[in-house]
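Both of the next two complexes hold chain A, though its partner changes from chain B to chain C.
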Partner chain A sequence: MVLDGIAKTALLGVEMGMTLVLVTVGLTLIFGMMDVINFAHGSLYMLGAYFGLTVVSVTGNWWAALLIAPLLVGLLGGLIEYFSIRPLYGRNPLYHILLTFGFAIMLHGLVTEIWGGQVQNISTPALLDGSVDLVLFSYPLFRLFLLGVSIAVTAALWLAIRQSDFGIVMRASAHDSEMVNALGTDVKRVFTAVFVLGSVLAGLAGVLLGTSQAVDPGMAASIIIQAFAIVVIGGLGSYRGAVVGAFIVGMLNAFGPTFAPQFTDALLYLLMAAVLLVKPAGLFGNPEAT
Partner chain B sequence: MPSESMPHEKRSEQYSRRKFLAGSGAVAGASIAGCLGGGGGGGSDTVKIGFVLPFSGTYSFLGESIVNGVKLRLDQQLGGEIDGRTVEYIRQDTGADPATGASITQEFLQSENVDFIVGPVSSAVAGAMKPEIASAGSAIWLNANAGNYKLVQDNCTRYHFRTSFNTWQTSAPLASYVKDNIADNVVLSYANYTFGQQSKNLFQEAFEEAGGTVVDEIGAPLGTSDYSSFLQEIENSGADAVFSFFAGSDAVNYIKQFSSFGLNEKMTQTGSGFLLSADTLPAQGKAALGMYSLLHYTPTKQSDRNQAFVEAYSGQYDTTPNVYACQGYDSGLAAEMAVKEAGGTDTDSMASGLAGKELDSPRGYFKFKSSTHDPIMDMDVRQVVEADGGGVQNEVVETLSQVEGPTWGCSL
Partner chain C sequence: MSVKDIVGRHFSAHAETDVLSGRVRLGLFVAGVVAVLFAPVAQMIHPFWMDLVTHMFIFALFALSLDFVFGYAGLLSFGHAAMFGAGGYAAALLIQNVTSSALLVLPAAVIIGAIVAAIIGWLSVSARGIYFAMLTLAFAQLFYTIAFNDIPAMLLGVDAVTNGDNGLVGITSLTLFGMDTGSLMSYYYLALVILAGMLALVTRLANSPFGRVLQAIRENEDRVAFIGYNVDRYKIVAFTISGAMAGLAGGLWVPFNSTATTSMLHWTTSGELIVMTLLGGMGTLWGPIAGAFLVVFLEDSLSAIGNWEIYLGIVYIVIVIFAPRGLAGIFQTVRSNPHPKVLLSRVRSALVTYREKVFS
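After this line comes the complex of A and B, so read on.
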């Protein structure tokens, strides 16, 4: 009895953590590359859910939503980067914070105006409905799918950043964008590509979590706070940090209610404070980075 | 959809503003003459209603629903007049901020001379508004949603009329139904904030009084999106039933996850009506099937009075009414009753006129309890069943007649 309880909670933690990675990776990559703190990242996640909702209601096909909604969010992210963030590169980072914060507020209003303020939900596709017997306990199939997709995306990105040509350019640009520019690569296009990538991932997370959770205009604010905390714990700009941080927070979310039911709200912030006291740059942050 | 109601909203706003400008000269004259009596009022031939509600943020949908309900009664059904007096509206957005609510209230009372204040949605905002309204004594407060029983417990004021409900009514009366029909032991789960804690405590009190046992309680932070680890605690409690308070997106997340982890096969879910209401059911879908809840208004209730309301509301706004729309509509009914009883807009006469009076509400007859001005009304125990169209809906399984509730030491 005790063993299956712990096993199930652990699986929950892994699942919650890995799903968060889809959101935190974009946030941390965008910061790592462009020094942009993107407050609108949660709104892009929210738009993923709402686009998903609309695609499902038009086509009746959840899988179409899984494909189309993230691409639409990516397109929008690209436009935002090209027309508003790009002119501000090299300026005081506060400009980006104010700009993206403004986008977050605008998108919240826009979503409320277009889709209404009521709670909605993307219905689970028939293929992924139901639960699976995992010997010790049974587990909802959709959440296993969520876990599988998150792990696959995280691993693929890891490989891409480590191994691919684009990954090398990305890392080089993050390290010294002027030098990369001088060597004949248009860094601005790399930046746009990274912003689009982060947006697509946020959109993907929006469709996936919009299916297992409620979709409402408040979802952007609730995810962005947690995502920022994770990125700070892992180290701003570090891919590894975003993954490890999300994993730790997932575990915290899973085991918190069992061991400290009255403090679940505060645990995340206590952890963040503790990490920052010991390692001010976060677990995997580069203390020398500007 | 809110967009559906926009053109109409705009029209009446402009209309009232023009009307107000036209009338303001006369009002200014009267003010200088210095004798408006106890009554507020934007003029002797008008009734002025101030909406202190959220029109932005998470609760904007609730604010719009309440306004729609009020206007359905006063504009559509009464033609914008009560007893020959033209109804005017003014509205301001509280967001979810108590300080904003208090300052809007102050402005409405002092500069706008409203006769009625309708709102707010949040009990925290209501707490901040109360001293303003009590000390001014120049408007009737039609509380169209804030359910905190402490509004009546601490310094109750005779200008406060609840056209909604109090926390006790949406939790405690369910206890004996659960004990008699569902289980003699429960686990409590709730959103860990004032309203959730009150609902949980009031249910527990009543359930233990009825001879039942509360096995455990699990509070989750307000706004939790993933309840899975809390659900495990609920499952581990081994109780036969659960009583919960969650609302809005929390209710959707909680119920969907409750069923996806198979808890619905092991225990019976019950709760305060906001857990399974007309706003959340479309998103909760089949995950909500078989669950019980208690509320004062159910859109699917089979009564002529309610069906007429649903028809009128759907015809006007192109969407089915929810509990907030009903509370708005009843605020409209109460304003109408108050002006007619008092034969004008004198605040004290209206307060005396409303106390103990019965309203013909879509929820069923209800009246303001003389000692607290809280509603005495029928409460429906509902169960979620499959709807004809393929979705799910609440079906009233039992109506608890004229549920009254404690006075909390208030004796008006």
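After this line comes the complex of A and C, so read on.
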């Protein structure tokens, strides 16, 4: 009896951690390449959920939402990077925090204005409804799907960063963008591409988590701080760090409520502060260790 | 070059770089007189205006506290909500359980704010730039979750201390020399006097040798350290002073609002404060005050025509991109070349630079 409880919680932790990766990867890649702390990343995630909500209500097809919403978020992210973050390269990186915080405020207002402040939900597609019997316990099918998609995306991205030409340019730009520029690659375009990629992933996470959990204007603020904690714990700019950090926080979120409900959030921030104090660059905070 | 020349140059340079030059001081004095005269007028038109302006004063004080560390020492604190909330909760608990005397409650809020800031500062100052911002954010959120889950009550074994998500409600107003400050008018003047006093104090500090060192730290931290200053200690002291002021702002806010809620401690409060400071123009002291006035005003007036955050966000984004020195910077530019043609060419060149940066 105790065993299946623990096993179920552990699976929940893995699932929460892996879905968080979708959000944190964008955040950490963008920081690693451009030194930009993107406060609007949570808002992009939120927009993914709301776009998904609208696409589902218009087309009635969840799979269409899964495809269209992240692309729309990617487009929007690209526009934000192009027209507002670009002009600030070369300024103190603190200005990027300040700028993207402005977007977070604006998008929160916009979402509340368009979709209202109430809690909504994207309905689960019929194909993924129901739950699966996993010997010890049963688990919702959709959440297993969520886990599978997250793992697949994380692994594919890892391979792409390691192996593909674009991945090599990305890592090189993170290491020394001036040199990459001098060698004939337009680094600014690489930056835009990475920002779009991060936005698409955030949008994807928005549709997925908007289906398994809830959609409301507060979701941006609640995820962005968690995502910050994760990338700080893992090491700003490190891909591996974002994955490991998300895993740790996922486990904390899963087991915390059982063992110390009042301290779960406090533990997250304590962990973040402790890592910053002991190892300011984070667990994997080496820019080359992508 | 004679010694006299050097000394003379030193002094003239000093006068030019003084925080709040003569004209600005005159402007602030006039604004102060207007503020003093405003209350009876507002009383006649509609007391609502006095309420709004008191709200502005308190947040102006809060913004002033951030400007002292952010504008002067260059420390972007994303955790000022911690001190604001700590001061506020301290005031609420004192008023509920001990006394409502302003002479006890407000100093207590100052002390609590200073203690919280000293701890956060001591732990955070060795981190720089973004990492400092992240650390202060983490600590402030820690305070938020402590209040939200009412961990003090659990540790002390009592029913409620911070009362969790509900917060502390029904806080009575402060008393001063036996007088009740419950009337809007008296609270208005109390807030105004404190704001003016704090502005004078911060101006003194900013122009003192201590303030000069802070500015030097902002410009080049390593160089200041090489000269032999203990940079970390300066930063901690500056952060503590700032936190004391933020605590005072919290202590003023709670009796005015008659509640102490966890939202005071939430990171969005710190973020809103940064918006105020940057909109107004950091490092100018009067700019953040103006920024706080503007944000509180927009928050109030725009909520009638829709969601105010959209407009505030847009204004703020445009300011960050085109006028990073905020309203104060725009004001200075206009004052130095009041000719419309010159100003137009300034605007045009800013747009050209923007286009080049975006489309290059």
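In this section, the second predicted complex is superposed on the first by the 286 of 290 C-alpha atoms of A that agree within 3 Å, B and C clash if a C-alpha of one lies under 4 Å from a C-alpha of the other, contacts with A are read in each partner's own complex, and residues count from 1 in each chain.
In the analysis below, a contact is a pair of C-beta atoms (placed from the backbone, for glycine too) under 8 Å apart; a residue touches a chain by one contact, two chains touch by 3 or more.
Note that the structure is a prediction, hence the values are computed from the model and not measured.
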item	value
When chain B and chain C are modelled together on chain A, clash or fit	clash
Partner chain(s) touched by A:Gln262 [first = chain B, second = chain C, both, neither]	both
Partner chain in contact with A:Ala155 - chain B first, chain C second, else both or neither	neither
Partner chain in contact with A:Leu127 - chain B first, chain C second, else both or neither	neither
Contacts of A:Leu67 with chain B and chain C, given as first, second, both or neither	neither
Contacts of A:Glu113 with chain B and chain C, given as first, second, both or neither	both
Which of chain B and chain C A:Gly218 touches, first, second, both or neither	first
Partner chain(s) touched by A:Arg143 [first = chain B, second = chain C, both, neither]	first
Location of chain C clashes with chain B - one stretch out of 27-35, 45-53, 63-71 or 333-341	45-53
Intersection of the chain A residues that touch chain B with those that touch chain C	109, 112-113, 262, 265
Chain B to chain A touching residues, read off their complex	1-3, 56, 58-61, 64, 192, 218-221, 223, 225-226, 228-230, 232-233, 236, 248-253, 256-257, 260-262, 279-280, 282-285
In the complex, chain A residues that touch chain B	5, 8-9, 12, 16, 109, 112-113, 116-121, 123, 131, 138-140, 142-143, 209, 212-219, 222-223, 253-258, 261-262, 264-265
Complex interface listing, chain A residues touching chain C	35, 37, 82-84, 86-89, 91-95, 97-99, 101-110, 112-113, 188, 221, 225, 228-229, 232, 236, 262-263, 265-266, 269-270, 272-273, 276-277, 280
In the complex, chain C residues that touch chain A	76, 78, 123, 127, 129-131, 133-135, 137-139, 141-142, 145-146, 148-151, 154, 267-268, 271, 274-275, 278, 306-314, 316-317, 320-321, 324, 353-354, 357-358, 360
